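Order as written gives the chain letters A, B, C, D and E; numbering starts at 1 within each chain.
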Amino acid sequence: MKARWMMTVLGVAMAGMLAVGCGGEKKEEKKPEAANATAAAPAAKKVVLGVAGAQSGDLASYGLPSLNAAKLVAKEINAKGGINGAQVEVMPMDDQCKPELATNAATKLVSEKVTIVLGHICSGATKAALPIYKDAKVIVMSPSATSTELTQSGNYPNFFRTISYDLIQGKAAAEFAVNELKVKKVAVIHDKGDYGKGFAESAKKALEDGKVAKVALFEGITPGGVDYSAIVQKIKASGADCVLYGGYHPEASKIVTQMHKKGLKIAFVSDDGVKDDTFIKTAGADAEGVYATGPQILADNEVYKKALADHEKEFGSKPGAFFPQAYAASQALLNAVAKAGSTDYDKVVAALQKEYVETPVGKIKFDAKGDAEGVSFSVYQVKSGKYELVK
Amino acid sequence: MLELKNIDTYYGNIQALRDVSIKVGEGEIITLIGANGAGKSTTLMTICGVVPPRKGEVLFEGRVINGVAPNKIVQQGICQVPEGRLIFPDLTVQENLDMGAFLRSDKEGIGRDLDQVFGLFPILLERRKQLGGTLSGGEQQMLAISRALMARPKVLLLDEPSLGLAPLIIRQIFDIIKQINRESNTTIFLVEQNANQALKVAHRGYVMENGRITLEDACDKLLANDAVKKAYLGL
Amino acid sequence: MRPVPWFCKGKAVRDPPRGRQDGFMEYFLQLFFGGLSRGSVYALIALGYTMVYGIIELINFAHGEIYMIGAFMGLIVAGVLTAMGWPTLSILVIALIIAVLYSAAYGYTVEKIAYKPLRGAPRLSPLISAIGMSILLQNYIMLAQTPDFLPFPRLIPDLEFMEPYANFLATSDLFIIVTSIAVMVALTLFIKFTRMGKAMRATAQNRKMAMLVGVNVDQVISATFIIGSALAAVGGVLIASHIGQINFVIGFLAGIKAFTAAVLGGIGSIPGAVLGGLVLGWTESFAAGYVSSDYEDVFAFLLLVLILIFRPAGLLGKQRAQKV
Amino acid sequence: MAASSILNNLKKSAIASLWLAFLTLPIMVIRVDTVEKTVTWRWMHLAYMLAGSFVLALFWHFMMDRRDRGAAARAAGTSQAASALGRVLENPKLVKPLLAMGFLVAAVFPYVFSMYQTNILISALIYVVLGLGLNITVGLAGLLDLGYVAFYAVGAYAYALLNMHFQLGFWTVLPLAAIMGAFFGLLLGFPVLRLRGDYLAIVTLGFGQIVRLVLENWSSFSQGPSGISNIARPGLFGINYSVEQATTYIYYIMLALVILTIFITARLKDSRIGRSWLALREDEIACQAMGIDNTKAKLMAFALGATLASVMGAVFAAKTTFVNPASFTFMESAMILAIVVLGGMGSVLGVILGAFLLILLPEYMRAFSEYRMLIFGATMILVMVFRPQGLIRAKRKVYKINTEAA
Amino acid sequence: MEQTNTAVLSVRNMSMNFGGLRALSEVDLEVRQGEVVALIGPNGAGKTTFFNCITGIYTPTEGQVLAYPRDGKEKRINGMRTNLVCELGMARTFQNIRLFPSMTALENVMIGRHCRTKAGILGAILRGPGTRREEQDVVDRSYQLLKKVGLEQVANEYSRNLPYGAQRRLEIARALATDPFLLLLDEPAAGMNPQETLELKEMVIKIREEFQVSVLLIEHDMKMVMSLSDRIYVMEYGRVISTGTPAEVSADPQVIRAYLGEESDA
């Protein structure tokens, strides 16, 4: 009987191993450097950079670029001999943007004695994970969590970010629409998501406070839907002369395309989630003229150009969402560790707040609340297939 | 013509048939009687390949057919009218009959058989366009038999054609079974628990108990057998 | 400064009339046609659910993924052919054909791997296997292709004569509706008159008996998956072309919606799937248009719950009297 | 196994791998960029696919043979139907020491292992209770519920909101959450009483979606997608714990709740109520004709399952200190259902095993980050194919009969 | 039990329509205390529909269904919920056996006791002495009932594994477990051989005596019906076409034409 039981256990173990073996095989074919980065561990000194975010599941497209960014930065630093002789190691931690998985990821990183973390991607996951990091004195820097309260509430002194938050973005977009485009009636649309709705609500508040333009419509759409004609008709019926959209590029491009199909050609102002080349690709000609706010990335920013080239070389494709911010965050974190000379919490925080770093999003350091200073904020417009600076 | 040799069949881990051997000669009416749960229906399902036997052989015209897919067995000319009739309730009577001729492609032959079937059961002609599910029990039984006939079987397997029917209808059905056998020389393998009627119709009979064949004889002899009389005829 | 870059470049577009009276009617019609095109999409995918359910009483959760794979196949074919410089319409045709063939092959394989070994297993086992398959396929596409959204070329050209009606119905909408109708008619004829169609109906009603009249049930089940998958692929390519982008999760929401449509119409019933799809499309469209698009899904699901409570077998489902 | 069958398997595997390679060819090999109009060919992937699928297919056929032979052996009566694993777990000589050992490990776990281990174990324990709760509805009463996560959300938001607005503590809210769960269970139960099987499934799915959508959209009530953060961890007499201490504390709370739930479900299963659920699952009409009030039995099953889910929701909110609608998607319901079915419907031990497998497997596969969901999906299929009745088969109680009594 | 003229079930002028179809039309029927009443008729005559109407599975379109439980109080039970009808004391079996297949024989009978016991959720969880006593009582009584129908050997078998005849008897035991005053048997001898049918007949007689129940049964086996019942109702096309003692009914020319055929044959 015992033998049979052993057989069962062996069977299950084998099933697991084979499945894993197959997975491993595929892993090699795609990203050998990922395996190497984690496997080539037993160097005497190392600095571990945790990268947490959605690396699988439906939001993986927002998390994987950050991982790539971290790998690129780590590789570059390691090529130069590491930080004070210590090799940088990237430790990916998937959270699928789900709060409970984020806490698991956080405790895992804490258990592994990781002291600096790039992530998380979604504000919700970040909020869930932060208390754990805070308790363990881990510095967290997100490239994409824009929820206002993360920095402004003062609850999380260990949190930093390289992206500006909803309140600023929404306000900037609203002010741009009112002051520069002189619109009178605005339809504020969002994707019901954490990020999009935060942006939309800030924008709405700014519009109402400004008392110049009216909010003609405030509604959410279902991301991933097959058709947005109803909301487009509604925008049309509301008589709005401008759409402010909070959300990411996939839905934005669908809406813009359908707006144009239905003969609705009014200004479309959106956020950083739309200021992405993929948007221009997917929306094609319909992308022309769309405005998006975003951190200023000067076309001649050397760091950005280099990062872009490195990505092309390493991964054979253009980087995805939040890549520059993640690249900047990795640089900032590792630079701070280098400047601090150790991974001591207080020293690194001090370094983050003091030392400027040249990054794809500009020359930045961080303020007392954790937001990046020096991230200049601008509005872009798509002109002949490219985002160009408007203001 | 059809022969079962030492068949063992299982449902999951329950043995339903134990060492069953049955021979059916061409043109015969053979009946298999026994109590419910004795394994009669399982015998038929084993022949048709729906429940393949674990041991033993099913021979049809000298060829081994166990392990052959059910549809291939039907193609060879073995056709079953299952217990509970199982007509297609949402198909019309006509479509039900068409399904019977599913594996045939000779349009003329099908037409001729259709006429023949309607000759046997005029009521079906009347109900041609009606959905199978709306027929009464007796009509459904007629339809089920007709459907099997449409396949032009060499062997017709009938599973409890009298189940749940009024005495009047039962007699009609048995008359027609005899007629089919006589007119088209179709071999008939009849499974019944209405032993009285079945033994009157058939040439030879088998008695099954708990998955085993316990008796085998000509019908008139079985009718006279005391054990059979007591257990199955209620005399 | 008012942003008018398109006005200068594009053709003159009629400004829609905004009078109160006819504005209402126009608004209604716009929503109506929007719902119609959305509903046709749901119906196309719902057909696959309903057919599979009719035959083996399985909610095939991986069906949405087949739709997604269809879209990806379309993208790959279109990408290769575009690079080779083929004309748009021929690309559309070839992409459709290859996507249909490949999706059918996927449907066939999925059935063989995840469902066939589970015949006769407890009822919920294939359901879990289906969920597993759905997760597997999603991640397979994500890893083999990309997690990002990919732009899908517009394969359906805008037709000249549709221009005046573009406000209600774009060419691609029309294309989707027409294709859906054509496919559904073809499917109905197929089910009604062909040998395989009859075998399918027979198998759906009584699998054992179908076996006994000589139907190869395994073949019928395979055929069901193949046809259902092919329909999903048609939907995948058309919709991808309509909305212009795809990624590996598009199957999930579309799948749930289509499944809802199938149940709404009465699962197992082919006209039911079509009706369910349309009703769902209209509900969402009108809910978004007249109430709030925040709650369009809430309305869709509320409608489902209400219909099932008052007509427990769906709109066209057979109310089978319980045999006692 | 004969050499011929091995050869046969090799042949079949070769064919299967060729077919799979063909099937995956376009998607694995070709990448297109429709904007730049470029095509990338990655032929190496095809080779990987061929080799990988060959190994997998070989394994598949080997296991299939084993499965078929297992079935044959069972039928021939050479071995019992119960699985080997099941038999070990039923052996009274082994059960007691095993239980004692398990309890000992559970009791000292947080002090032996890291906080991370404790943390994911809490997750697993939460899912054990969720699984047991759903097991009542699905496994015992046979009511397929695809929207179970809605009740989980009810509990989580109940605690989050009450804590935010009224500063109510964990221990105050826990019973309140239970009551709210029961209430929502009844609320869903009433309209769906008439529905059967898959229709019931889809309506519950719809209900689950509605709850999530409302939480997402009704910002003034639930703070919408940005969720509620800074939810208090459970405290005891005003002591505030650090994260690590709190984790340990929650771990013990969960341990107690799990034991309580096991106790409750085990007792219910072997009671008059449990029997009426089983009867309901087997045959609704006969059940009612035998004098069981179907309505009551169904509502009770719904309400009890919902209560457990709701209580877990509160624990979940306390553990993560943050809730937002992203935690309550359909996939979550599917996951809990998978726990129940994978573990073995109706079996308490099976559900526990299922929860550990489904929650811990992805966690421990973090090393394969991007591939873990792929492997996870494949594992679900494999377990179902090779053990369709679940890992552990439910056992019925054998009653002690008092033959003398009249 | 003594036969008296007190009715236990009285159906007056009952009709049942399904859409446009009239399945039952103006049926009058009475079962008196201690009687065995048979309901016969060709397939589709509406016999099972009649059962479903009086047990609350269908609600009759017209007419009265009155029951007189042991306390003697008249109770109108048209459209009363099935479980309440059962609780009132009218228990039935089914034409196509409806046992709980993956429950043991004993558990099947124990389900019958459900409406006569009352342990609730709390009781089940706490399992106090009261609950335990009640539980043991249910087990013991159920076992006794199994013994009565000769199934004590297979008490712990899954009911789906029982032979057909045993399943029929188990269904009767399960119905008896509800302490009925009226037992409704839907084709109890269907699928049984003459020997088993004979045994069944004897069992029904024994049960009537021992449990003091009246019996209303639907049956095709004329031999059993004729020798077992006190009175017979014959139905055709949803109407009662004849009633009376077995002798009276079998002599009725209308019955012979409709049902038995020219020569009575059993």
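We take it that contacts are C-beta pairs under 8 Å (C-beta built on N, C-alpha and C of every residue); 3 or more make two chains touch, one makes a residue touch a chain.
Computed from a predicted model, the values in this text were never measured in an experiment.
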Farthest chain relative to chain B (centres taken as mean CA coordinates): A
By C-alpha centres, the chain nearest the middle of everything shown is D
Which chain has its C-alpha centroid farthest away from the centroid of chain E? A
With contacts counted as defined, which of the two, B-E or A-C, has more C-beta pairs across the interface? A-C
Quick check: how many Å separate the C-alpha centres of chain A and chain B? 71
With centres defined as the mean C-alpha position, give me the chain A-chain D separation in Å. 31
For the pair chain C and chain D, the C-alpha centroid-to-centroid distance in angstrom is 30
What are the residues of chain B that contact at least two other chains? none
Could you list which residues of chain D touch at least two other chains? 35, 45, 217, 285, 370-371, 373-374, 378-379
The positions of chain C in contact with two or more other chains are 139, 143, 146, 150-152, 294, 297, 322, 324
Per the touch rule, the chain A residues reaching chain C in their complex are 26, 30, 56, 58, 60-61, 64, 180-182, 192, 219-222, 224-227, 229-231, 233-234, 236-237, 239, 241, 249-250, 253-254, 257, 260-263, 265-267, 278, 281-284, 288-289, 291, 317, 320
Quick check on the complex: what are the chain C residues that touch chain A? 1-7, 9-10, 13-14, 16, 18, 23, 27, 30-31, 33-35, 37-38, 41-42, 139, 142-143, 146-152, 154, 166-167, 170, 173, 239, 242-245, 247, 249-250, 252-254, 257, 284-286, 288-289, 292-294, 296-297
Would you pull the chain D residues touching chain A in the complex into a rising list? 35, 40, 44-45, 48, 51-52, 55-56, 59, 63, 66, 83-85, 87-88, 91, 114-117, 119-120, 123, 216-217, 219, 224-227, 229-230, 242-244, 247, 316, 319-324, 326-327, 363, 365-375, 378-379, 382
Contact footprint of chain D on chain A as seen in their complex: 1-2, 4-5, 7-9, 11, 14-16, 18-27, 29, 38, 55-57, 60, 64, 92-94, 97-100, 102-104, 107-108, 110-112, 122-125, 127-128, 131-132, 134-136, 147, 149, 155, 192-194, 197-198, 201, 220, 281, 284, 316
The chain E residues in contact with chain B across the complex are 42-44, 161, 163-165, 187, 190-198, 220, 222-223, 259-261, 265-266
